[in-house]
Every structure is written in C-alpha cells, then in structure tokens.
C-alpha cells in the first residue's frame, strides 16, 4: 500500500490507526532558487523522496509536503530576491505548521516528524512545535510527540568524507552545491540540468548580515560553493546512509517515554 | 518545457519572464475525507491536474499546489472530524495565500490565478487576494491582477446535464459524488477505489448549522449524495469542456484593463 | 419585558438565567450599499427585526446587532467600493465574533444563535464559532452550542414561489432586489425610498472573480437584479413564514443533545 | 434628512459628500453592567444619542454605534465578571476600530469622530487611530483627521457643580452613578428603573489592581458611588451644556490645519 | 544577596523558591522624551530603582525592567513624535508582557507585580494580565496572582502637599515636572541636567485628542508643567513614603485569598 | 558624553543627529539559565557591555538592551524548562524588535545594529529586520540599513585557538562554557560564581530534536560543555579582539551603498 497519506482514503487510514497511530512524516520544503542546474522545488523534492524511502522501511506515512518555506537567506540560500523565490513570513509559516500539527494530533496522529529540506525553516519549525504542544495541552489532547531534523544532520563523518574528499567548507555554503546536486542526480536525475552545474570559488561573506540584503558577496549563480564535484554516485552514498539511519532514529525517538 | 514552476530553474524562469510575466496558476487543495473511494488529496489532485492541462494550452505556469485547506464543513465536505482531515485556521490560511501572492508579485509574477479545488477555501482566498493587493499597493508593487474560481463554476448546463441526467441536487452535495468521482476516474484512475463507490440517498440537512457539529445528518461514508452514477466518460466530458473554457477565460481575464 | 439584552439590567438578566440560560440571538449585519432605495444598514435592520420577532415567540433574548460586516462582494453585494460601505477584514471579523461568543458563554449564556443578514459574513461566522468553542474548551467552559444561519435559508419553496412567480434567479443576485425590498417594505417601510426601486436586467458575471474588482459587470445602481416585483405583501409572506419556522427550528436545535 | 449614516442610501450619501466629506461620528459603547437601575447598553445609548444631537446641529452624520467594548474594569465599571458583560479583547477592539476608520477614509469620509461612552475603550481607541493613520498613509489615503473624546471630558466646572453640589469624587467612581443616571433619566427615561436607583457609600479601592479580580471592594450592585442624587433635570443640564460645546469643538477641530 | 533576578544563577533561584515563590516585580518603563533635563530612560530608571528598594524590604526579586513602552501621548508624555521616543504598538506590548507573565508563572513564579513607570502602559498591562491568566488557566497553571500599579498612585495627600504647596494640577501634566524631576534628583542625581530644568505655564489642551497629533498645545520642551519647584528633598519625601507603603501593600495583596 | 541612548535627553540626542544619524546599537539578550556559575542575564550583560565598548570607539549610541529573548533550546542553551528562564514567543519577539526598528527609523535613526548575545534570537531578528524594512518602505521612510550579528561570529581563528587550545567543539555547545565564562570573568567578574564553574563532558545530542523536550541528554547543570578552561585572561583576549573588529566592521557596513 502507498505511504502517501493523501493517496489513502479515510477508511483506509482509519483502519491503519486502529492499533495506535502510525508515524506521520511532514516534509518541509520551499520554492527557492537552486542555481542554474537545480529546480526551484529542490528543497521539497529532496525531503519528500527521502521521507518516502524512510516510510517504506518503517511503516510511517508521508503527509503532503509543504511547498513554500521561510525566506531564503544570502548565507544559506542565496537570498529571497532571486527569481522564483516565493516564501512565507515567519508568523505565517509558524502558524501554518502549528495548525497542521494540531489537526493531525486532534485526529489521533500524535507521532509526527518535521522532516526539513530547507535550512531557513528550522527555527520556525521549532516554534510551531512548541505552540502546537501548548495548544494541544490546553485542548486536552495529550501524548503528542514531535521529532524534527534537517536530513543533512544525519550525514555521518564517513559520508561527509565521501562527499568532500578535500573537506567540507560548511553546510550553509552547501546550498545547491555538491551534496544537494549529488542527491538530486541520484533521486531526480531528470530534474538536474547537468550541463549547467556551476564551478567557482565559495562565497565569502562578512561575519554579519545586512538588511536590505547586500548582494555584493552573493555569487550571481546563486550557488554558494562549487557543485563541480557532484555525482549521482555520491548522491547514492548519502541516500543509502541517511535513509536507514533516519529510519532507525525514528524507532528510537518514538519508543522512549516523552519528557515534560 | 515543463509547466511546473518548481521544476524550472531560476535562470529558466528569468528567461521566460523577460517579455512580461506569464500567468501563474496556484491550485488550492485540502487534505479532506472523500468517502471510501476517493483519496484524501482529491481536492488538490483535481485542480493541480486541471491547472496543468490549462497551462499546457496557454503558456501559463503552475505553482506548487497548496496541500492543506480550510476546515471541511458538514454540508459541503462532510466535516473536519473525519479521519484524515488536517486543515488550517482561517487566519492562517488567509495569511499563507496572501504571502504567496505578495511574494510572487514582488518577483514580477503579477498575473496570478487562484484555482480552487476545495469549496471551503473560497472566501478565504478572496480575503487573501484583497490583503495581498493592499499590501502590494503599500509597497509600491503595482499592476497585479488575481483571478479566482472553483473549477466547478465553469461547468456548462450541457455538461451538467451529461453528468446528472436526472438533474443536479446542488454543488455542495456533490462532495465525493458523481462529478468528483467521474473526474478522478478520468484523471487519476489508479487513485479511485472503484469497488467502494457508494450509493445512497443524499444527505438531508436542516437550514442551519450547529457547532459543535451535529453528526446526525452526515452520511457515515462522508459522501453527501450518491456517487453511483459516476464514470470515467463523464469525467472526460467535464475535463474536455472546462479546460478549454478556463483557458479561454484566462485570456480574457488578463487581457482587459484592470479596474480599481 | 423587553427581548433586547441591552435594555435589561444585569439584575434582571441574572434573574432570567437562574433556571438555565435563555437562547441569545446575535444578529450579524453590515454597512453596505443596497441600491438607491434601501438604506446602508439593511443587512442589520433585517436580522435585528426578525430576531426580535423570533425572540418574542420563544423567550430568547436579542444581543446588540453587529453593525459592521465582512467586505461586500460584487456577485453578492455589488462590491465594497460603493459609497457608504465600511467593512472589516476577515481576521478582525472572526476575532470580534469569537470574543463575543466566548464572553457570552463565560457568563453562562451558552445557547447562542448567529443570525446572519449579510451573505458575506457566513464563512467567517463559521470560523468564529469554531475558534470560540476551541477557546472555551481550553478554559473549561463546557456545553456551549452555537446555531448559525442566514434567515433566507429558511424560505420555503412556497414562499419562494410567492416572491418570484417567474422563478428565482439565485439568492446571490437577490441583493437589494425583490426579497430584501419586500421585507423592508413590510418591516421598515419608512426606510424604503419606494420611488427609487430600480428595475433592470440581472447582472451577468463571468464564472470567476477578478481582483482588483472589475466593475464592468456590476450594475451602476448596485442592485444585482430587478426589484420591481417587490411589495410589502410579499414581505409579509416571507416574515410570517420564516419567523415561526426559525422559532421552531431553534427549539429543535437547542433541544437535541450536542454532538462532538 | 436623517443624521444616521445607516439610514441613508448610498446615492444620498454620495450626493452629500460631493462638496467635501461630512464629519462622521462613531459612538463607541459597550455591553456592561450599570447597576440595578440602568440597562446594559447604557454606554452605547448615551454617546449614540448625544452624537445624534451634535450631528443635528452640525450637519455631521452618525455611523452605527459600536455595541461591544473593552472589558469592564473594577475601578471604572465594576468589572467584567458581572452578568451581562460581553467584551472584546484589546487586539480585537483595536483592529475593529482601525478597520472601520480605514474603510470610512478609503471611501472619502476622512473626518471622523470617536465619540466614546465607555471609559475602558479610550486607550484602545487611541491605538486604533494611530494604526489607521499609519495604514492609510501606506495606502496613499491622505488628509484623514480623527478626533477622540469621552463626552464626560466636556463637562464644565459649572455643570459639574450642578451635578455634584457636594463635590465630585472622581469620574471613575461615577460609573452608573449621578451623572450617567441623570443623563439617562433625561435622554432615555423609559430605560431607567427609577425605583432601583441605589444609594450607598462610594467604593474604596486600594491604590493597585489585582488579577484575577478581587471582588472584595466592589459594591454588590456594581454601582461605584451613590446615584441617589440623580435627576432628569441634572441630566438636562449636562446634555444642554455638552452638546453645543462638542458641536463647537468639532468645528474648531476640523477647521485647523492638521499637524504631523 | 542581590534582589536582581538576572544577577542570580538558576541554582540560586531554585533554592530561593523551594519554600514557595518569592514575589517578582517587573518594572515597566519606556524610552520617551522627558524634557531638556531628564534622560530618555526616566520611566524605566524610576520604577527599577523604586522596585529595588521595595524588594530589599520584602524579599522580593526584581525582574529585568522593560525598556520600551507604549507610545507617548501628548497629554501625558508630550507625544511620540519627539526625538528619542521608540515605542511599541499596543498588540506587541500586550503580547510581550503576556509572554513574560506566562513564562514566569510556568516556572513557578506565580506572584508577580507590574510596577509601572510610564502612564501610557497602564491599560495594556491590564490586558496582558488578563490574557496571561486566561492562557495559564488553559494550560493548567493555577494560582497566579498579578498586582499592578503606577508608583504615583501610592503618593499620599500629605506627600502631594509637600510636592505641590500650591496644589497639584493633574498627574498627567506632571510629565517631567515637579514629581519626576524631584525623584530623579534624589535617586539618580547624575542623570539630571539641573541647569536645564524648565519653568513655564502648564500645557493647555482641549478636551479632546486629535490624530495626527496637533502639536500646537504641546510645550516645545516636552515638559507639560513647570518643573521649577523640583528638589532632591521633595524626591526624598516621595521615595521614603511610597517605598514602605508599596512594600506593605504587597504583603496585603499577596496575603489575601484570590477572588474569581 | 555617555554612549547610552537612554541617558541622553531628547535635546542632546537632537543635537547629536543634526549632521546625520549616529549608529544605534540594540543589544539583544535573554533571561536564561547559564549554569551554576553565571547569572541569568548573561546573554544581555555580554552584548550590552561589548556594545558600549564598540560605541566608545565609534561614536555610536547603545539603545536599551532587550532583556527577554526567544526560548532557550536544549542544544544551544540547555532548554527553556530550567528555572529562571522567561522567554517570548516567536511572533512576539519578532514584532517587538520590528516595532523598535521602525520607531527608531521613523525618528531618523536609520543606522541600526542588532547586536545579539543569545543564539536563539538570531532568525527572529532576521525576520524583524525584514518586516521593519517592508513597513518603513510602505510608510515612505527610506534609507534604513540594519546590520545583524552575534558577537561570537567575530572571533578569529587566532582567538579561537587561544580559547580552545584543544580545539572548539562547536559554538552551540559553548553555552555557559569556556568562552562565555571567560568573557564574564573579564567583563563582570563580580557576577561570576568562580567556585561553581563546572567541569564535565560535553552534552551528546542525537541528530534530531524532540518536543516535548527530552531532558535525557541535557547536563543537569545546564552547561553544555566544560567551562573549566575559562579564565579572565581568555576573556580579555576575546574582548580586545572582537571589539575593534566589530568597530571596524560597522564603519564598513554603514559606509557602502545599501543594496536592494
């Protein structure tokens, strides 16, 4: 049977949950420039596909992925001024995720994973989880547990070494670079413009941020460091490492007794 | 080239918009019970696929569909208490759509279609459009035009007669019934559990609403009137009529000079 | 004794509620153009007077009517751009009604009717009811039941036939037309400019909405279909049918056990 | 012709405003206990009637009065816990008034009076005016001027002496006491339960407030100081003094050039 | 040991609260012009220092003072247009104080004093207290009591007579005048520009407010009545009277059983 | 003259800004546990003192520091459940900072530094800056530039090596550890409980977050890695490096032409 929640009927879902709630994974993406070679939806395609792979191993369900995220930032995404970005304000984003968390839990789906594919979402996902738990407690809906991560936090030192034989600069500068490009080459090869993969030195930012954005230090491609080292094989290595590790982590995370 | 906005790179989009903004269609769905035979994502699958067909005819782009909508109501959707519903509060929904409208327009995509697949979204889409235009005016972003409809409003009397040889009861009671089931049989046959298509008398509601919801008059299947008359052929008739009509309407709607 | 809640003293109200809460009816109006012949306050005058008639039959109380509503829409009210419209944003309207519902219930008035006179209010009243019940549950205020309707939903086929011997076009197009004009001629004859009652063909709108509003299809009078067939006698027929029917419905609605 | 804005048609209003906007007065009331002798709507009835008298002298229009206000406070209204109070949260109240101010001004009605009858509304009216002017400026609606007062601030020392031959305790303690009771005896005699007018010592509050409300110092009647000295004659003196003074002040206030 | 909450470690605080929560005083200030002689932070310095004196007598703790307040008003603060003012919108202010109240109470610090030094904050503090108690009740955090005052409400008639041998005009006009200047001369002499203390007639305002602000009646110094009579000795009298009186009041206020 | 904005009079500030706005630094702190040895206000004391040192070198002014921040997180602050934490919700924090930014800029102070001392504030400061610039643009206030950083981002590799001879684990785990303790020993020695400086292994967190917080991996002291290597001398090294570097960066950041 499908792992996609929205492909189920309510009757099938109802049957599935009779022996306790399945884990529901909510992929959190964005519509954001990813250089001349990756599609605008990269940050949704990645967690959506990884989540499906995790779900197939674990019996989890994948809720429809969130296609719009928080505003791209220069140092981690190139900046929201690039064509094709369409983002939400922070309060909107927080309330959107809070409402979904609450309504899933009100319907008994109290084991939820926030599976982030867009670095800029992370603090707002945290706030959404906090507000949702507070609201649910007030409504008397108890026992909800929310697990949150960006899939990149599961990359092990070994996989990192395979990705970056010369060393990782920083995850922030990996925007549309080796890791994302490799994974997309492995997971969605048709969506990668292989001939457009850019090379070039990494972006050099000052140790502060300026608003309105100073576009000076942002590479014109929107790619924050070279993607030239990307390959489908590297993507395969990442995917085959993080998927089982995330699957195992979810078993642990939902097994232990919740605190607080 | 693809009509899916999120499958483009920013460079491709930038090139596309050089001679003026393409029309961008935003399908608005929901995660809502649709009886024992249709998937929870029906209200997104339908407008997303119809929008793609319209886009292919017109050169429009389809933005990522909104997978979560306003709360299902008993008289038009069976009610938000059914398993699998996960909905947004009104203010959240309004702000989410407002933010997307604003950010599209800030990036020059000032011709936007709100393509609704979920009846409960409609008034909140209206408010989102109003707030977006007000905010954009304040920011000095001018010339935005937003067109909104539920695809069912394009069904002609002839198509209606083909769908309902014995007459239409009401569009509200058509939830998960003949029209939606027929269209899904035509557009997404793999997602329809044909053997589960329910028959039965239409729901009979009093002329008022009660909160908390009175589940008494709601059919246990969540289907508000019989879907037994559905067929892929009827779906084909609907799709082949509304798609060109919507395509033609968009030409008109974005051609005339905006008022106000 | 008066049925107007605001004409009571707190001591009288306190005495009245000793044996359980009376039903409290909250009329929801607007300040909106109603053609050259009906006053801007029509959508408040109508439900306020009908509510008083219902209250007199049932022992209910009428809370002060809400004089400002959601923004007039072209297809159901002519549009908010007409002189004299003054409306609330959706979030404001929702929170206003939620706060009143909550505070009535906190004071023990847990049987509340949202008696709508302005079509554009309806979905926002629904959201207000939902938010109020959620907030009250969190506060531990239990047992609240809210009933919502537009008085026009109570018009029977017989009354409809008396109003429209040639058939009803649609309730949306009835804005400031035969039904409202007839009822105002019956209930508030001094407020009708009888010599200004307009005739003319019904408005013809496309199957979509445009923002900013396209004023092209809106009749310059603001009246969406001919009011020429209006009469005080027709108004009497409507009022004498809907008032007892609403009264009876309220008995039923508050008698049955609440669900959910 | 009527001074009530909601009794006009849009055509009449349009004609009226052709030579510049008339002053529009928005009475701001509440639903709040006013002792055993005054109705719950006192704080709306008073400014609504005074505003009509002012309007008749000045050519101003009276917008529909706001029937719900900010929460009654122990020291100025007895407290929101009394039966019959139904109040709005501050943010709701502010946004409600802001929206009305903005929409009046967007329709060209840029001379607006906030005519307060409920002491607890005052700071929130101030915030509403500030937010409205900021929003209007952003939208490019210029030239709006808002005048705000509680009618009691116009009472002269002479009138005060007539009301309180033994001296005024404080305006806060005048809740439902000599001034309000006298004015209601003059303006709305049918709504006063004359035989229930309470006597008794003034409330004695500590120099601080406690939340949750300490009901100890609040007189059980909800009247904060003796109303025994009230009379219709005193009410006449107040009304006949403040109405022309307010009328004169409005001429001045809207004549001078706006600052800032 | 220090009375400043932020100078404690969490371990010390934990130890302190083992036998029940200490009273926590939250001083509420502003950044607002105070004439040519008093610093912009006067409304924070005053309650922060008085609160420390009260805390030393009572074992209370002083939470970090709020440095930004609600917008200065012409009649009580000269107006927010003066250089150096930086203020919060009402909803922001309310939510800021609500959040702090809630989080203190969630951590067991359920005896809280809102110690106001800025007249314009007062109604918003009231709303914050109301919203906090409502939210805490929903979360199941019980027993919180909040006491609120402006320190000036504790000034006795005797002290008032010492401050104003010729009589007090009004507390509102005392902005940056005799009382505040005297107290600052006593408490923070280094922050007073003694040679700049202004003299001059009190401001004369009409009995209404105008928005945008009419700067005509506002003295150019921003001081609303003469400060020439100020002295450190008068400041000493105020401080030595109000500090013990506030200390005593807090004992009473937190001793009695809460109502409601 | 003082660099503290709130110690100036409005007249002095007015004089100071006559030749263009000075840079205004807004330190952003929190009330958060910092182990058994550092005070709850550490995250405010640090940026407030560093900001003053920067201001003394550059002619900038220091606005009153924000004493309450976003909720402490387990992996960077130990978690908001520790005694003494009192934090704001994200929307509150964002609006608070937005309002201050806007009001400073409205008063002509258009060069603003967000000087963060609490890691959890950072994304919300970003959103506040974005919302402020959008609002200011709508109001017609142009030319505002906002610079944002956490002071720790200025620490050079050389200083890092001096702090951590054995290598830095991660800045997140430095909560209340070597860097903060050293700086406090140098800047505020009286506030450090030197005898309580904890030693112990660093916290080991899984690569995901759990809500409600899983307190298992959080060290009971609240210190995320050993502070045993801290010294006043190391603090001196940090301060003497970052202060001139920040001063220099501000000159650069406000010199270049703003983009966007």
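Quick notes
For clarity, chains are labelled A, B, C, D, E and F in written order, and residue numbers in each chain start from 1.
Keep this in mind: a contact is a pair of C-beta atoms (placed from the backbone, for glycine too) under 8 Å apart; a residue touches a chain by one contact, two chains touch by 3 or more.
Bear in mind that the values here come from a model prediction, so they are computed numbers and not experimental data.
Seen from the Cα centre of chain A, the chain whose own Cα centre is farthest off is D. With each centre defined as the average position of its C-alpha atoms, the distance from chain C to chain E rounds to 46 Å. Chain D and chain E have Cα centroids separated by 28 Å. Residues of chain A found to touch two or more other chains are 89, 91, 138. Taken as a graph of touching chains, this assembly fits none of the simple shapes: it is neither a line, a ring, a star nor a complete graph. Pairwise chain contacts present here: A-B, A-C, A-E, A-F, B-C, B-D, B-F, C-D, C-E, D-E, D-F, E-F [touch as defined].
If you check the complex, the residues on chain F that touch chain D are 135, 138-140. On chain E, the positions that touch chain C within their shared complex are 134, 137-138. By the touch criterion given at the top, residues 4-11, 13-14, 17, 31, 33-41, 44-45, 63-68, 80, 82-89, 91-92, 95-96, 98-100, 103-104, 107-109, 191, 193, 196, 222 of chain B touch chain A in their complex. Here chain A touches chain F in the complex through residues 70-71, 73, 81, 89-91, 94, 120, 122-124, 126-127, 129-131, 133, 145-149, 153-154, 206-216, 249, 252-253, 256, 258-260, going by the rule given at the top.
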